[in-house]
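What follows is a set of structures to go through.
Common to both upcoming complexes is chain A, partnered first by chain B, then by chain C.
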Partner chain A sequence: MVSILATPAPYVLLGLVLYYIAYRLYSRWIDKRVWDPDPKRPTPATMYMDGVEYFPVNRYVLYGFQFKSVAALGPIVGPVLAVQYWGWLPSLLWIIIGVIFIGWAQDYSAMMLSVRNEGRSFGPITYNLVGRRARSILLSYLFIYFWLLTGAFVYILATAANGFAGTFYTIFGTLLGGVLLGQLVFKARWNIFYATILALIVVVIGYVIGYLVPFPPSNFLGTYGSIMFWAIIFAIILGIAAIVPLPTLILPFNYLAFFPAITSVALVILSALLSPLTGIGFTKSAYVGFTASFTGFPLWPLLFVTIACGAISGWHSLVSSGTTSKQVESEIDALPVGGGAMFTESIVALSSFAAISVVAVTALGANGYVIGAATLASGLFGKTLYNAFVLFFGAFLLFMGVTVEQLVIRYWRLVLADFVEERKGAIKILGNKYVATIIVLVLSLALIATFTFDYIWEYFGGTNQLFAGFALLLVATYLTKVKKPSWYTLIPGSFMLVTTISAIAYTAYLFIMHSFNTAKPLTALQQLFYTYLTSIGVTPYPIVATFDVIAFIVGVALVVLSTAMGYYLYKSIVAYRREAGVTQPIGGKTTMFKPGEDK
Partner chain B sequence: MTTFLQKVKLFLYGAFLFELETQLRKLKATYERTFMLLLYADMLGVPVITNYYSFRLLPYIINQLEPWRKEILKEFDILEAVSDIH
Partner chain C sequence: MIFKKKESNEENKKKTNPLKAFMYGFALHGNVTYMLRTRMYMEHLFMLMTLGDMLGFPILPPYYSLRLLPYMVPNIKSWKMRMLRERDITDLISG
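Let's look at the complex of A and B:
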């Protein structure tokens, strides 16, 4: 019999209890003391109601929407990797402490910041509070961020489709179901209830085919060839989804995919909480060491970027300040919607922690989640269902990736079109939706082809977490301006900024050091790339060294951009503090920096 | 007073269908704006010859004119659209 303390149950339960206490005490205290929401103060939803973007929405609806918006692949993959690198204890501590002191504060504060600034999103607020250059940095940053995100997520999709034969049919069935649903609801004007039932039947058929016909088998073209095959297949699917109108594919697909997604999370949490009854305990060490297994990553700073969503994610600040803030009915709703949804999203990270901590096999990457979740669930519902659960959770992993990725690629091409809009000459071709989509997909496939996923994930997590640092410091800037206490975002924001810049700089350093000695691959995973190149008669050295140098340059660019952004933010905070008379300049006449302007 | 069951229903609506609703609202507004632009671009300073149908439709559209003008003349920032990704 496994001791209760050797199962994930008490730790998941501890997390849930601590979240509840933090929400009831700390977040409410901050809410009251710093923002002091007034239910009588009109929100952007009521002031600028247009029925399109601005309109008041019930807090429970918004809470559900916000939760769905912020919970994607991030809270699942981050803990899976971190537990494999450093053990389950540091990962668990960071998830719980991160969300309690930083995560909810960012989501909620970004929302309140937007609510108090006419519902404007991050870009315009940065422009107003910090200046033109800061906004340009933010935009340049997004380019790199989306590229890394696409590279990391498509790789996860490809490895999942390759690792769990048959899962592709589940996503294919859901895509078909989505197209059918779109046509039935928007063209034939069916009632959504009946259309959903019909579409779900198509989804279930996809699952049944996937279960009965696990074809093509894993590694049918060799490990490297198969993963690249699936990466190309997903790139094509995502490319099509990013080009066709939203109601044709993306909207109905996202809606349908949420059915299995929410069921998966609920199943894993339930199975984890009941793990003492099923006797499924930890197989991973609580603490591996400061230096990670497989990759050699140091715990600080890399743990804090490996686990992004679930503890804190900069991405959420963009959602909180862009959509939901325009629909908050009353200021007092911002806490349950922004903060509450973040605590709920962290439960997804806890489910991921529980799943991976019971997996005996190591070095599985994101696929470890599927095996762990299937182990937990089949322990509860019957060992014979293990293969069915593997398919079910494998499909879940694919859904979460595709749901976000198709919108990311869509947005990437919009940013590119915006970027070249006022330029003349051949560069305008980049604004074409087909060209822009192909560019991002080809760049991402090139990133995937090098098989440096662990390193790319650190870059991606680093950029994501830097957004969090920016968001927290931007909130601190605003709070300083309006003479409110800003320590609760200034301290975590500074921590995130220093940690993430260090993480990116360290990863860039690893890349450049590797370029001098490419005889040995970066990780065991990259050995597959080496073997593939050798098998087709190509020497790995020049290709790997070139990639290392490019990756190093990207890292340096990120460090420079984020340092500059940090500089502008701190400069604004200092300027606002002086303006507010918090700190008087010492002696003589001082030339004041005027906030919102660049010198 | 909202009962627990109603709260659950509202949450599920938010999680499953609210994205669909907001995106469709935006799409509908885009079509309507374009339609009105074809008819009343002169109101924004774009010279078009106001045609017979513009006048015929005016009584039906008069309430939407002011929000439309406000929306279409609003400064657009690409960073605003990031939040649609989720």
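Let's look at the complex of A and C:
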């Protein structure tokens, strides 16, 4: 009989209780003391109501929308890697402490910042508060961020499709169901209820085929060849999705993916909480050491970027200030919507922590989540259902990746079009939607082909967390300007900035050091790339060294951009403090404002 | 009038089923928002072609502008606001 303390249940439960306490006490205290929301103060949704962009939306609807927008593969993959690198205890502590003191604060504050600035999004707010250069840096940063995100996510999709034979049919069935649903609802004007039923039947057929026909089997072209095969297949699917109008594929697909996604999260949490009854206990060490297993990454700073979403994520601030802030009905709704959705996303990270901590084998990647979730769920519902659960959670993983990634590629090409819009000459071709989409996919496939996922994930996590640091410091800038206490974002923002710049610099350093000695692969994963090159008669040296140098340059560019952004942000904070004649400490007394005075 | 509107909002809140609202928000609200935005861009184009001179675009108002004006009056204020508001790529990101 496994001791209850050796199962994930008490720790997941502890996390849930701490989230509740933090939400009720700390969040509300900050809410009241710093932002002082007034239900009578008109929000942008009510002030500029146009029924199109600005319109008040019920808080529960907005909470569901915000949660769906922020939840993706991040909270699933991060804990899977970190638990195996450093042990489950440091990972659990960072998830819980991160979300309580930093994560929710970023999501909620970014939303309030936008609400108090006429519903503007981050670009214009940065321009107004910090200046033109800072906004240009922010947009350049987005460019690299989306590229790294695409590389990391497509790799995960490919490894999941390769690792769990048959899962591809589930996503294929859902894509077909999505196209059918789109045609029935938008073209044939069917009732959405009947159209949904029909589309769900197609989805279920995909699941059944996936279960009965696990073809092609895993590694059918060798590990390297198979993963690259699936990466190309997903790149083609995502490329098509990023080009066709949203109602044709993305919108109905995301809608259909909702049903299995919400069921999966609930199922894993329930199974984790009941793990003492099923006798499924930890198989991973509580603490491995300061230096990670497999990769040798140091716990600081790399734990804090390996687990990104789930503790804190810069993506959330973009969503909070992009659409949600324009639809908040009342200022008092911002906390349950912004903060509440972040705490809920952290519960997804806890579910991933629970899943990977019971997996007996090493699974560096999202596949560990699938195996762990299937182990927990089959322990509860019957061991005979293990294979069915593997398919179910494998499909969930693919859904989470595809739903976000098809939008990210679309944003990436819009950012590129924005860059070249005012330029003349041949470079304008880069703004073409086909050209831009092909460029991002080829660049991402190049990232995947080198099999340095462990390192690319650190870059991706670093950019994501740095974005969160920028968001927190931007909020601190605004709070300083309006003479409100800013410590609760300034301290976490500074921590995130220092930690993530160090993490990216360290990863870049590893890349450049490796370029001098490419005889040994960077990690065990890259050994596959070496084996493949050798098998086709190519010496790894020139290709690997070239990639290392490119990756190093990307790392340096990120460090330079983020240092410059940090400089502008701190400079603005100091300038606003001087301008306001603030002499008291950062956490000094709150100044009360009349409505509208703080604009 | 404003007071009455607020009252009805309160009543609506009481009537809302949180679970149903959450499910709708999770599954469909993004789609609805996107549809509204698409309509917005099409309206922008149409109004720009017919009433662009109101925003200083050198467009000679055609005869049809006058015929369409009564139908467009309710949208002119919000159209002007949306057109003149500063935007960038971060406005489009909604997850």
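Here is the rule we use: the second predicted complex is superposed on the first by the 580 of 599 C-alpha atoms of A that agree within 3 Å, B and C clash if a C-alpha of one lies under 4 Å from a C-alpha of the other, contacts with A are read in each partner's own complex, and residues count from 1 in each chain.
Note that contacts are C-beta pairs under 8 Å (C-beta built on N, C-alpha and C of every residue); 3 or more make two chains touch, one makes a residue touch a chain.
Owing to the predicted nature of the structure, the values given are computational and were not obtained by experimental measurement.
In this superposed model built on chain A, chain B and chain C take up the same space, so to speak, and clash.
In the superposition on chain A, A:329 contacts chain C only, with no contact to chain B. In the superposed pair of complexes, A:53 makes contact with chain B and with chain C alike. Shared-chain residue A:225: touches no atom of chain B or chain C.
Contacts of A:214 after superposition: neither chain B nor chain C is touched. In the superposition on chain A, A:431 contacts neither chain B nor chain C. Common to the chain B and chain C contact sets on chain A are residues 50-53, 57-58, 60-70, 120-124, 135, 138-139, 142, 246-247, 251, 254-255, 258, 262, 318-319, 321-323, 404, 407, 411, 414-415, 418. Interface residues of chain A, counted against chain C in their complex, comprise 48, 50-53, 56-70, 120-124, 127, 135, 138-139, 142, 246-247, 251, 254-255, 258, 262, 315, 318-319, 321-324, 327, 329, 404, 407, 411, 414-415, 418. Listed in rising order, the residues of chain A touching chain B in the complex are 50-53, 57-58, 60-70, 72, 120-124, 135, 138-139, 142, 192, 245-247, 251-252, 254-255, 258-259, 262, 318-323, 404, 407-408, 410-411, 414-415, 418.
In the complex of the two chains, the chain B residues touching chain A come out as 2, 7, 10-20, 22-29, 67, 71, 77-86. By the touch criterion given at the top, residues 9, 12-13, 16, 18, 21-31, 33-37, 39-40, 78, 81-82, 86-95 of chain C touch chain A in their complex.
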